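Right after this note come the structures.
You will see subunit A twice below: alongside subunit B first, and alongside subunit C after that.
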Partner chain A sequence: MTPNLKMKIPSLSNDTKWILIWLAGISVLLVWDLVFLNKPALVRVWLGFGNTLLVSAISLTTALLLSFTVSSWITLSRWNERPKLARTGELFLNIFRSVPQIIGLLTGFLILTLLVTAEIMTGKTAILTGFGVTVGVVIFYEFSDMLLERVAWFEQTDFVSASRTAGVPDTHLLFIEIWMRNSLPHLINKLISGFGATIFLLCSIDFVLSVGLSSSVSPINFPPTLGSMLAQIDSKQDILSIGILFTDPFYFPSLFTRHLQGLSVAFLIVFTLACSFKIGNAFTRRHRL
Partner chain B sequence: MKPLTFSADISVGSHSILSITDFSIEQGKINVLFGESGIGKTLISKSIFGLTDPDKLSIEINSLGYQDYLKTEQVEAFRKNGFFVLQEPSSQFNPSLTIQEQLNEADLNSDLTEADILSGLWQSDQWKSLLPLYPQSFRPSGGEKQRFLLAMALKKMDNLANQNQLKPETLFIFDEPSGSLDNGFRNAFLEQLISRYQQNRFTVLVITHDYTIIPWFKNHKSELTSNLSWLELTKTDSGELQCNPFFPDEFISWQKKLSPMGLIKGVAVADLNSGVICHGRQLSFQSGTKPIESLKLKSGTLTYLKAPSGVGKTTVARLLLGLYHGENLQLSICGYEFTSLNTQVDWKKLIWGKKAGMAFQLADEALNPVSTVKQVFTALKNPKLKTNDQILDFLQPVFLKKLDEAFLSGQVKYLSGGQKQRLNLMRSIASEPEVLILDEPLNGVDFRTIKMFTGILEKLLQNGTAILLISHNEEIFDKLSFKENQIQLKADELLKENAFTTEETES
Partner chain C sequence: MGQIMKSILFNHLVVFLIIAGLFTGLGLVSVFLYHPEKAESNPEMTKWLQDSTINWQDPLHQALIADVLDLKSVEQDGEAFVRSAARLKSDETAKTLEQLRHQKGLVFGDFPDFLLKLLGFSFIFGLVLFILVWGSQTLGLYRFIRSKQGKRTSGKQFWHSVYSFFGLLILFSPGYLIAYMLKPLIPSDSIILMISLGLITNGALIVYSQKFLNLMNQEMDKGYVLAARIRNVNENFENGHQSNLTWKAILGFHKHFPGHILHHILLNAKRQYWNTVRELAAFTITSLIILEMALNIQGRYGYELLRQVLYGNYADVLAMMLGLFLIVKLTEVAIDFHIYKQKLKFENWK
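Up next is the complex of A and B:
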């Protein structure tokens, strides 16, 4: 008998495929950098990447905590016919919604700068946490809107009334039945877009910061992130060197060895954003959100 | 004539959602198809008519891929000469054309007028004011939209008859044609359908849960007995669908045996005054034609609240449970007094999950589809329903098959329509309420479940529960309740612009 040599390849969802593509792309770049990039630049680039991921994680955690707190405050107040409490929560949410994200971020970073200048905030972990919390505060209303939309959707049906009159406690109905059991894909989708938004906002603000916040605080003495790395003159020169290709196309291979710092940073930003966009889209389609 | 026979396999990815080998429709007859909600009546009918989206599902009809099936002459004939009235009327209307335009669109456009059809379906001239409207989600109402759709189908029959094209091969499918209609309007539609059928024997498929259509045919159209084909879609244990003959006499003899349940008079446990104003309507109650001061629900008594669709029966139920605020409200329920000043906090503290319960109309909406059966009950924090054994013991009497732990760990969305409806009912009585409100409890269930439901009702009444029943199944509940406990609801409109709110909520 001939043994069946065919291997069963598990079918992967498109979002999982894009996560694997992202991880593979990052790994290839890491190996390339290990071979061709000088050590101080290597440490800076990958520390910046690690810090950016850390800030994203902190910002998403902050956004989640704030959004769950505010959304549950508003919903439970409404369900218990406490209109003043509900309106207070809505006002709080609207205040954050009314401030453009970039203004909110700048204000947050100004406060961080003041704290660093006054040497109240000194450790790098503390500064990164400050970054994360600032971004989280700026984007949390998007999470709240999603959570409240889910509640509104269920309120349109008999689900909320039927559950409450049957004796399901309000907190169980809200947190377990509506959010945990029926909104997890929506929440994960929001986390994916929040991850992309954090990186984008961080890069934007780091460019603004590269102009300088004060004489004693600058992106140089802030912990490196992808945005601040991109704002450095070395990286800018590396990216500008792409222009050489117009006059000397044979310079192309040299880009990947001589200008690796800037290109690595640019690749990490663009590739991560593109992959998070693709992951989010595929996830949305898979769960028909 | 040879019946139209179909086999169908429908799946999403590797998950089979419908498989049937013997779906048969008698040509030149009126076929009535029963079966519990969610079993696949609509999906199979839409698929054979060529209306299912081939991009969303993997479909095989009569061993043909769906794209190939759609190209067959049979499907082309269905589409050209047939008509499919969808269950959800809103989805069949084009929001950018007025009702009048849609009644004369494409092959409905002819010299024939629809005025007689509409007057027959409305039994008044009220339809005239609705013709210039663009259909919206709330206006015309669900019942009005349904009647316009039925009018379109009837008009198409007239057009085809005029061209001598109304033949046994012509297929008209009506999916829940009376889903949003009172019996009066339903009967008006059936009269019009049958008068056309009697002139030209074409093929009709009526998909319905309304078993009371059986006595109507028996009493009013006995001459059609040989032209009727009664079918029932059931599911085998292996999950395959079967299209079996349904025996109408079984329903009729069961219905004949029905008699009033519970007590004629009991101790009043709930009392809602007449004259409450809610959503711009003043609600009042009548016993027969005599106005009464209040709606009284008495222990061990089945109170049947009747009113035409859209008047506000569900509003009364929601007022009783504090889900709506009413002006001039004077409610006494299980020893607690409530007025317009009370908030839902009071109802939550004193009534909900303790003294009163309600089985909402749509089990699909009322239950969390992704919860397991066990979680439906553990969410109630009821100390008597904590362990698997306790929940199984509680549920077993209303399920035919022997329940096991696998049933408890299954998600609600995988239950059949009848099982969901039973679960919905059981959750509402889990706290052993003194007052139980049942809103259209027979919606979407099959005959077996209807029989089982009446058994549950009897037991609850024996235990002293005061039951308020809201249902359009008058043929059944008129027999199950004492005349003294059949209450008519009347609503006087105070604010015209708010009048839609109640109707919309009900639908």
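Up next is the complex of A and C:
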């Protein structure tokens, strides 16, 4: 019997492939920037990217904590026949659901601006945490909706009533059985889409803020993020230079060396958004969500 | 009007009153408590700021000056000095700009102009939302039909993936990024450009078409589709009159495919999709405001909102945000009314 000499490459799921593509794209850009971008700009671009990722992590944590709190408040009140408490929770959630994200973000950033102006909030970590919490508060209702949908789905079956009759404590049934053991893929899927939403909202609001939210708070006071980096005049000129291609296509190679700051920032934003969409889609398909 | 619809309307009213009360409270607090403090300067900083050759926004200039100051004195933190100087410079520039422009609040200073701007914004929002709903359903349906046809661009699969990915990058680009790219060709204050960017960019079209596609795929797995298959309902997904899948039917707003299995899948998916439209409405407002603010389209609602923020007219800002909230609430009421009518028809609601 001849041995099979072919090396068996483990097949990767599409979502893992897209995570690897994202990491590879970011790494290639980092190497390119290390070679061609001047040091101060390089530090600011990658510090901005790091800060953006940090804000996303804080935002998702805030959204998770808030959504678990509100959803358990609504569900446990309903199960324990406290309709007034449950309705109050639903009203609270409805308020956040109805407020367009831009209003929530502007209000949050206005408060942050006032805090920075009054020098109550000065540290960079505190400001970044403020960004993350603001975005988290704005998007948490999407997580809550998903958690409540899962509860509603299990309530349609006999699972909830049978477990409660069998004496399973409500908190154990809700947190462990429904959300942890039977909704983990849904939760991960929400985290992926929440990551994309956070990047988009943060970059957009930071861009707007850097264009001019306050005369006393400038991008210099706020730690750099991808949005504020994009709003810098150098980056804007770099993006404008892409338009030159319509009249002079041979300018294309120069873009990658002469206009690297703006292009790097734009690429980091757009590539991350596109990859998070692809990762989320592949994950949805794999788990048939 | 049924009891259920009355209860839905009551909920919307309560939420609106709560938000209006909150904003009024915040507005009063801002009027009575907000007094911005001015940054202080020192003589050395003033000397540096008078040098017109320095661009305080340029990271290279900032780094060079910080290095020079670090070398000059061990005690002085060059980076902190540069940061304060740049802040002072931007304060001075903003102050000059404020003096040049009039600082009258929009809502409480010129109410008819505010209303006009709100109506203009509502019109653009309504148009973009309408086209987005149609576009996302049409794109979702087209992708669903393509997947059922099992068409693959064989031999050119790699290049097809590359083109698709570049297309995806454009669809996911924030609108202001594309607007800056096109600035040498198209003026960024064009309303047509704004509508186009609101439709194509920010990922709205692709994300919501994907949601519609997911709903259709979920419907495909349901029992009534299997039962229809057993009864030999037309399942031909090739384009043409034989299958009823004509371009006219695909691109139309109502999208009817009588006698085809797709007809019922589409009806059920569309019914569930209306809950997503509520989400889409809020997202459309967000992306349009961001576009108007980021592109500095003078005289538009978003630009005026940003201007009032810059002048510190927080009462006006809150009133303008309440205007946006009112648009979203009215859209939600309209969507809920549509869903209610659908439920009356299909689920025997009373």
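By definition in this document, the second predicted complex is superposed on the first by the 284 of 289 C-alpha atoms of A that agree within 3 Å, B and C clash if a C-alpha of one lies under 4 Å from a C-alpha of the other, contacts with A are read in each partner's own complex, and residues count from 1 in each chain.
We take it that a residue touches a chain if its C-beta (ideal position, glycine included) is under 8 Å from a C-beta of that chain, and two chains touch if they have at least 3 such contacts.
Quick caveat, the model's predicted, so the values are computed rather than measured.
Contact comparison for subunit A: of subunit B and subunit C, C touches the greater number of residues. Once chain A of one complex is fitted onto chain A of the other, the partner contacts of A:Thr129 are absent, as it touches neither subunit B nor subunit C.
When the two structures are aligned on the shared chain, A:Gly243 is found in touch with subunit C, with no touch to subunit B. Legend: residue contacts after superposition of the two complexes on their common chain; A:Thr16 is shown touching neither subunit B nor subunit C. By the touch criterion defined above, A:Ala274 lies against subunit C but remains apart from subunit B after alignment on the C-alpha atoms of chain A. Applying the stated contact rule after C-alpha superposition, one finds that A:Val208 touches subunit C and leaves subunit B untouched. Touch criterion not met for A:Thr88: it reaches neither subunit B nor subunit C. Judged by the touch definition given at the top, the superposed model places A:Thr69 against neither subunit B nor subunit C. No residue of subunit A contacts both subunit B in one complex and subunit C in the other.
Considering their complex, residues 79-81, 157-159, 161-170, 172-173, 176-177, 181-182 of subunit A touch subunit B. On the side of subunit C, the complex with subunit A involves touching residues 11-12, 14-16, 18-19, 26, 34, 36-39, 57-60, 62-63, 83, 86-87, 90-91, 94-95, 97-98, 165, 168-169, 171-174, 176-177, 180-185, 202-203, 206-207, 210, 214, 282-283, 285-287, 289-290, 293-294, 296, 305-306, 309-310, 312, 314, 317, 321, 324-325, 328-329, 332. Subunit B makes touch with subunit A in their complex at residues 318, 321, 323, 343-345, 348, 352-354, 356-358, 360-362, 365-368, 370-371, 379-382, 424, 427-428, 430-431.
Residues 38-41, 44, 91, 94-95, 98-103, 105-107, 110, 114, 117-119, 196, 200-201, 203-205, 207-208, 211-216, 218, 220-221, 230, 232-234, 236, 239-240, 242-244, 246-247, 266, 269-271, 273-274, 277-278, 281, 284 of subunit A touch subunit C in their complex.
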